[in-house]
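You will see two complexes here that share subunit A, one where it goes with subunit B and one where it goes with subunit C.
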Partner chain A sequence: MSYFRITLTRSGIGMPKRTQGVLKALGLRHRMTTVFYPVTPEVAGQIMRVKELVTVQEVDKPLTKSEVRAERRPDPGFYLESAAPRG
Partner chain B sequence: MLSRTIRRSILDSRIPTSALPPTFLLPNRARYFNSTVQHVDAPSESLDASLLATNTSAEAPETVAPVRRPIRPKVPLPPAPISSPMALDASVKEMLPLLAAQPSHYISAHIHAKPYLVTAGDTVRLPFHMPGVVPGDILRLNRASSLGSRDYTLKGTPYLDERVFECRARVMGTEAEPMRTKEKKKRRNRRINTVKSKHKFTILKIAEIKINSLEDIEGSGESV
Partner chain C sequence: MFGAFRPTNPLSGGLLWKIPWRLSKFQKARQRKRLRAVDSLVATLDKALTKQSITTKAVERWKEEMPIEQEMVPKDKYTIFDRKEKKYRKSIRKLPKWTRVSQRVNPPGY
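Then we have the complex of A and B:
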């Protein structure tokens, strides 16, 4: 089962009501929100309605909200090699 | 005379407190009472009214136990050793000994994706207070975008392989900025709110920048 990974890259502001409704139905409230939907003709049709505003990727399994956040978090770039004695 | 009768009528009309239902059954209180009960899985059979009344008077005590989360370490833990053998370009293999042979090196180390161009002995005041470290801790900086000497520079795409170099930093302590005050005032209102802030910053000293020799890099790649 594959999923669509849909990210809203352009805002829906200024679009017709129908287009904004499609974004709302997809759960895309603001820019750079990412949602996952199974690959179905219904979702494909919704994406076609807003194809100019979103970027779509096909993935094997959906990520949770925290996993999507963790993806964007940069690497800390350090780790504790030897700890001083703590009092 | 008339005032006395009025007073008496008021006194009589006052309902004795015993006739009223207990406070926890009053509609507005009963709602809180219900909302607290929802947390409890199985309410006990012996619902003592007096006990409940004292509970509701104490503004609906929270019976929810604090949620136990897995304790996340404040300082990142050492990453797992990379098992994949390192693919070094032929030109890198040729030039890396030359780079290592030169006396002093600089590194562009990235901490939380922010680059710090440093060399050994430099003091870095991080723009934040690093939690969970104390003075004397040795941090290993394992993310760098470039590493160089006077004549050679090894650039990462976008980061260098962390097995090429060893960069260590010692935590020296924290530094505090002078107290800042900011006056917040709204229009058409005399009230002035003074906000104070005094941030702390962690000081690091770069203890060591070492470039691993080709044998070490290849050996570690094969052994793991």
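Then we have the complex of A and C:
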């Protein structure tokens, strides 16, 4: 079972109501929102409706919201060493 | 003097629109990039669907009717047919929302 990872990269503002409705149906309310859907003909048709606005990847399993957030988190540039045991 | 409705030359009547007819090389490069992005998206969809041996009308129709970016002639990438224009072509930037819509084919012979 594979999934589509869909990210909204261009805004739907000013597009026809049908196009904006497809974005809403996919759960893409803001730019850079990422959603996961199984590979089905229905989802493929929806993606084709908004193909200029989104980027799509095929992935093996969906990530949770927090995992997507963690992906976008930049490298902090430091790490905490574990505290030495105190005597 | 200032503000949205200041009396500039284009606004104070007359036909003075200083919008360049041609796209700059950077605009053309970005246009090609957008075309290729749509091509790769359709390829991704097609690959994912054929893995599960599903065919979708929308994808099949797009593949059949639309040329990919490398197949298109520059005339079709950067201009669009218009019956009212001299030589029947105008810059694609005249198309509303031109960076977010697909406009690839034009009437044959024009």
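One rule holds in what follows: the second predicted complex is superposed on the first by the 80 of 87 C-alpha atoms of A that agree within 3 Å, B and C clash if a C-alpha of one lies under 4 Å from a C-alpha of the other, contacts with A are read in each partner's own complex, and residues count from 1 in each chain.
In this section, a residue touches a chain if its C-beta (ideal position, glycine included) is under 8 Å from a C-beta of that chain, and two chains touch if they have at least 3 such contacts.
Small disclaimer: the values here were computed from a predicted structure and weren't measured.
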item: Touching partner for A:A84 - first (subunit B), second (subunit C), both, neither; value: first
item: First (subunit B), second (subunit C), both or neither touched by A:G14; value: second
item: More subunit A residues in contact [subunit B versus subunit C]; value: C
item: First, second, both or neither for A:P41, with subunit B first and subunit C second; value: second
item: Touched partner set for A:P76, first subunit B, second subunit C, both or neither; value: first
item: Shared contact residues on subunit A - subunit B and subunit C; value: none
item: Subunit C - residues contacting subunit A, complex; value: 34, 37-38, 41-42, 44-45, 47-49, 51-52, 54-59, 62, 97, 99-102
item: Touch list for subunit B against partner subunit A, complex; value: 75-79, 109-113, 132-143, 168-169, 171
item: For the subunit A and subunit B complex, residues of the former touching the latter; value: 74-86
item: Interfacial residue positions of subunit A with respect to subunit C in the complex; value: 2, 4, 10, 14-15, 39-41, 44-45, 47-49, 51-58
